[in-house]
Structure formats: C-alpha cells, structure tokens
C-alpha cells in the first residue's frame, strides 16, 4: 500500500436478511482509491453498489451484516473493533451524498443548523464560525444569497438546490473522500449535468477522493478516473475509465455500453440495445458465473465453477473466462 | 387507520391468527372469564345479594379469620365475595357486549352512509362525530344518568349511545376506500340495490377493522361502567358490579384491603386481556392481508 | 393558512353551539326546571308561579336564546342546593383542577416520550415488548382503582404521602400519578410509531452519515419530527384529564371542578351539572383547535404555506 492510497477495502461481503433466507448482496468486493482519485462504481439496481457504499460508513439497514478482511482509510486500519473508527470517519473524513435530495434533509430544521451541526460536531468552534463556513460552501456549490438561505427549510428549496446543500454538507469538514450514491438520479436532466460538473469541479479544487455510484455509465465516463463494474454483488470488471470505455472485456460491460445511447454508434430512432434475461437470485447463489444465463459468450465451464477476478493488464481485472477479444471496437 | 380496498374472505387468515401469542393469551383469558361468568350459579352455592351479617368482613383463604366455604371472604354485609366477583363478571360482560353492539350499530351505519355517499352527507356526519368527540365521555354519561337515574339498563344505553365514534371513523375511512374498489363498481354496474351493495359487498370487507375497534371499545365500555358505578351513578346496589364493589369496599380498605384489590384485579385482568386480544387481532389481521 | 384557520374556527364555533343546545336540552327539556327549583313542599300553583317567574313557560327557542345570552354574559345560573352563582363556584375551583391536569399531563409526557423513543430504538426486542406491556397495562388499569391502590401503598402502608385534600404540593403526587398513567399509553404509542418512521427515514441516515452524535440524532433531530403529532394528542389528552379529574378528585377528596361535578351529580344539581358539562366541552373544543394551530405553526411545511 503506497502512501498515496486513501482507501483500501478487501473482500467486502454484505448479507441482508429476507423472508426466504439471507441474501448475499455484496460478495467479496475489493476497492482501492488513491488521494484525489475518482472511482465510478457502475451496475444495475440490486447489484450491491449502494450496499458497498453504505457499508463503508456502517450505514446499512438494520439486520444487514457487513464483513471485510481489510478496511484501511488514509493508512489507518478501520477494521476490527471499528465502530468507533467509522463514526469518526462519518461526515468528518468521509462525506456522503445520497440519491434522494427530497427526503435526505431534515424537514423541520432550517438547512443552516443542519450544516453547522456537522461542523461543530467534528471541528468544534463557535456557531458563528460554523455559519461562516456554511455560507462559504453554499456559495462555492453555486447557491446565491447563501447567508439568507441558511434560515430556509428544505421544502423551500428545489431538488437541485437541495442536492447542492447536501454536497455542501458533505464538504463541511473538508473530507478526503466523498461518496456519492446516485447523486443525480432523482434530478431533472438539465440539473443532472450541473451537479455532475459541480462534483468534478469540487473534487479537483479540494483534492478530494470521490466514489461515484451510479447505474449510468454515461455519468461516470465524464468524471471517473477508474471504473468498477458490479454485477450480482461482485466486481466483474475494473480498470481505467478510458480503457474500459474503449475496449470493454467482460460481456456484461459490453452489454452496458451497448445499452448506452450514443449518437455516434446508434442510428437516430433505432431502439437501444438491452441485455436479455434477469439477475440470478442472491439467496444461496449458484457456484457459477452469475452472468452465465444472460451471456452470449457462455461456455460449459462458465456454469461449472464461479470464475475468479483475474489480472488483465496493468490496473485492469476481469471476472470472465471467455472475455471479448482485447481489440474489440464497435 | 387504513384498510386496503379489496380484502377477500379467507378462513386461512383466522387459522394464521392463532399463531399470534397475544391473541391466544388475551382471547384465552377472556374466554375463561366468560365461562366462569356463565357458570356462576353452578360454581358457587351462594346468592350474590344475600346478606349474612353474622359472617361479615371475613378474610380470604390465605389470611386469618376465615370462614369455610367463603374462599375469597365476605363483604361488609357478609355476602360471599367470590360469588359477587363471578356475578360481577356477568354484569361487566353483559353491559360491555350490549353497549358495544349498540354503538357498533350506530357507528357502522353512520360510517357506511358517510363513506358511501360522501359530499354533504359526509360533511354532516363528520360534524356529528366531531361534536361527539368534543363532549367529555364521563361527564355526559354522568349527566344523563343523573337525570334518568342509575340502573343497569340506563347505564348500558348511555354507554352504547356514546362510544360509537371510533366505529364511525373507521367505517367511514374503510368505506371511502372500498367504494372505489372494482368489486363495488361491478356490483353497481350490475344494478345491485344500494342496501345490498352496502351489506353484502362493503360490510364484510371492513369487518377486520371493525372487530379491532370493537375489542378496544369493549374494554372502554367495561371501564366506563365501572367508573360510573364507582361514583355511585351506575349500576345500583345490591347488584354486584365490580365498580360498585370498589366503591363499597373503599370505606373498609384500610383494614380489609382485599375488598378493593380483588375487584380491581378482576377489572384489570379482563380489560387487559381484551386489549391484548385486540392488539393480537390487529397484528393477525394486518399480517393476514399481506 | 388563514383559510385553514378560518375553517377550523367556524367548525369549532358550530360544535360549541351544538354542545350548548345539548346542555340546554339536559337542563330545560329533559327535566322540568320549575319542579327542580321549587321546594319539595311546593303546590302545583307554586310551581306554575315559579315557571312564570323564571320564564320557563316561554317557547323553547326563546328560552334557548335567553340561555345563550346568559352564557355569553357568564351568567351560568344559581345552584339549586346552595343558591350560589354557578360561575363563581366553578371559578374558585378551576385552579385546583387545572393544576392537577397540568401535573398529570407533564407526568404522562415525562414517561411516554422517553419510553416511546426507547421502544422505537430497539424495535421488536424485549425492551420494546416491555414498553408495550406497560402501555397495555396502563390502558387496562382504571384510574380510580390505581388511585385506591396508590393510597393503600404510599399513604397507608408506607405513610409517605397525604391521601386526601389539596392543601400542599405533596397532596398532588398520588392523584397526578393516577391520572397521568391514564394518558401515558396513547402518548407512548404515538411517540413510538413516530420515532419508528423517523428512524427509518432518509434524513436520519443523512445525520448518521454526517457523524452526528447518536443521542442528538435521537432526541434533537429525530424527536422534533416525531413529536409533531404527539403535541396535538397532548392537547386532546389534556381535555380528557379535565373529564377524568372527576373520578380522581372524588377518590382523593380534592376540591376542584371534578369534585364539584361529582357532588352535583349525586344531588342532581342541574345548573351546576350543565355548566360544568358545557365548560369542559368548550375547553375540549378550544384545546382541539389549539392542537391544530400548534401543529400548523410547528410544522415548517404547513407554516410557510401561509
């Protein structure tokens, strides 16, 4: 682990209790992130990407259990009796942004007190100092008339503004990492781009690491340095963003890219490509490739044993025994 | 309280209900008390109203100064306390059940009419409900009893005429939801008459909610009767109402505390069992819907 | 907001008028007031004279308007038994009853809110079930019996507290417990239900993600949301306390409005009865109205919709 490594998570597993038994939502995910780097975690809903993010801050829904063989943040181990450690990370060294700006803010408190509470909890100091920082950050995230906004309640703000407030809140304590869980999904398309640009701008300006969780490859392609594609609770492909977009190797990644509306590839009016089939049940998952049922390149050994994640060039891994040829170009 | 629009009648739901612990315990205790009340003349040789001055204020079996045969002692007039407690259960249950039957009839009718017709009818009935809710239950009951004179019939009627509000509220909400359901629309389209639709289609489907309210109100009615009788304005002596026994016993409670602990415990056990049964029913009916 | 306020006011006024009709019927139609006023020895001629003198021979609508006018001018009639003006009799007893009701509701809240939060924090555990059992028990125990048992334990056996009268604050301890226990279960259940919703909400997850102290999330950020409905129920329960005070005051011989009501009921002193029923009903109506307004004012979402 180099001194530049900010986050290092190894073999993260999350199980959720369900009526028909424990569901393995995340199955052995490993992540690493350098300072100032942006990782995009991509996958369809239910693939375990949000559970991965939530388990980093121990925010899983009650009943869910997370285990990992290593969890190091900024060179310090957070595993073991890590609960206290994680609490100290929350809001202080890791900021989090959620999907639903409409419900993620407390409806009965003005946004000002919600912002200053975070700062004073971790950094102490006077309310006046915290307010000053809140005003500065609100302006920084593009909210005009920030000092007056502090007294406003969430319902008085639009969805886009609320998401900006969330970003400001995540930034209150100058965290070295921001986790954004589908930060633009609930917003209008025009606002989505603004928020994404803001996030990209913020992480450059503050030198903050960013984990961007989304179902939309288009979103990460603009912002992320590297991508981890998740399917059925596992990382199936990971590597530099440009490389993966140019030459996806895992058939699922290929499918995801194929379903992306891209004017240069698709004729106007042509239907978008979709991946046929459904995700296997993660209650008692089979010892086989989870994508085998939907895969066009499936081989007999794909269903014989679950493939391991293997190195595929520098900084690149895939979980596939019969990947697309390396020179695949549309 | 929300009730889904379409509920099918499923006997399996009632079987599933038996797996709910509080329902089984509560229901079991209520059943036990009911059986004891019905069998009172068989269970005890004494007359609940027959004084026996020679044997007054004798203690229950676990204390000194007892008389054989009087297991729970005797009251200030020498009447067997166990007998009076058993007959008291009759009074509580009869007043409770009759009062709930009256209030359920009033409340369900008002709720059905308000929920089905909506508009002005609903507004008027809503106003009646609001008015009823803004009148203090105990005070109104006492005022009416003070005018009409306390008796078993008056008390039952007064309670029954007062506690219909929750029935009306729940039925109204449930009917409003049921009205828009497909099966009611279908019945209307087939030209079924209004009373037929109300009675045959809507009523069975709001029954679960109504049953839960009925248990709550049953406990309420029993407590209200006890309170009225305790204040001397309910069931009159020599009838053995638990509330009246508490009122009579309180003059002797410093020396013979069991005179008030026993009827109180009976009252608490019965109402608690009914409430438990209601909580269990609520859970059972809710999970039965899923 | 103004529209909402106006609507509530009109309904409240209409309900109050309806209640006054009912109390009028109780005191003027259900019984013959002339007979009630007349001494036992009165002849038919005496009663007819009283009827004319008090105006009981006028048409009922006219009598009702007169009755309404009396109420507005705070003339609530005179007691059949003592001959005192009813308004004065009630007024001098209101502070005692108000004090008891305030103590009781505070006691109920002091129990209900922490227990509700506790139960919601550990849903479906032993703690939760224990709180639920407490609520079921609280609902099932009639408050007059609770009063008697408290007298037996703390007044007679332990001799810690006085058991009758209202001359010192110590006299209020046992009645407060007996009356407060009665209001506690509903408040606790509502707090629990509200907190369960709040704790599962996105914004509590945000607070946790921002690392706020667990206790602060529970009691400051969370409870503020869950308490909105509890506040309006508190106002309603406060009204119930006024009604429930009749039983508790008679058990503990506290000479408040409830005790006066009990005495009047036992002796069919109709002017006092109808006045108390009317006033307590009006208090209910005002409290319910206040609950709605407080709720609207407390909830920034409704407040700013003005």
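Residue numbering begins at 1 within each chain, and the chains themselves are lettered A, B and C in the order written.
Throughout what follows, a contact is a pair of C-beta atoms (placed from the backbone, for glycine too) under 8 Å apart; a residue touches a chain by one contact, two chains touch by 3 or more.
Just so it is clear, the model here is predicted, and its values are computed rather than measured.
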Seminar exercise, completed: Most heavily contacting pair of chains is B-C
Problem set entry | From subunit B, the most remote chain by mean C-alpha position | A
Exercise. Distance-wise, how many Å sit between the C-alpha centres of subunit A and subunit C, to the nearest whole number?
Worked result: 54
Problem set entry | Distance between chain centroids, defined by C-alpha means - subunit A, subunit B (Å) | 56
Exercise. If you average the Cα atoms of subunit B and of subunit C to get two centres, how far apart are those centres in Å?
Worked result: 22
For this session: Send over the residues of subunit B in touch with two or more other chains.
Result: none
Exercise. For the complex, which residues does subunit C have touching subunit B?
Worked result: 11, 14-15, 18-19, 22, 26, 30-31, 132, 136-137, 139-142, 144-145, 148-149, 151-152, 156, 239-240, 242-244, 246-247, 250-251, 261-262, 264-266, 268, 270, 273-274, 276-277, 280-281, 284-285, 288
Exercise. Which part of subunit B faces subunit C closely enough to touch in the complex?
Worked result: 127, 130-131, 133-140, 142-147, 219, 223, 226-227, 230-233, 243, 246, 250, 253-254, 257, 260-261, 264, 267-268, 271-272, 275-276, 279
Exercise. Which positions of subunit A touch subunit C when the two form their complex?
Worked result: 57, 59, 87-92, 95-96, 98, 100, 103-110, 117-118, 121-122, 153, 155-156, 166, 169-170, 172
Exercise. How about subunit C: which of its residues touch subunit A in the complex?
Worked result: 201-203, 205-213, 216, 221, 224-225, 228, 298-301, 304
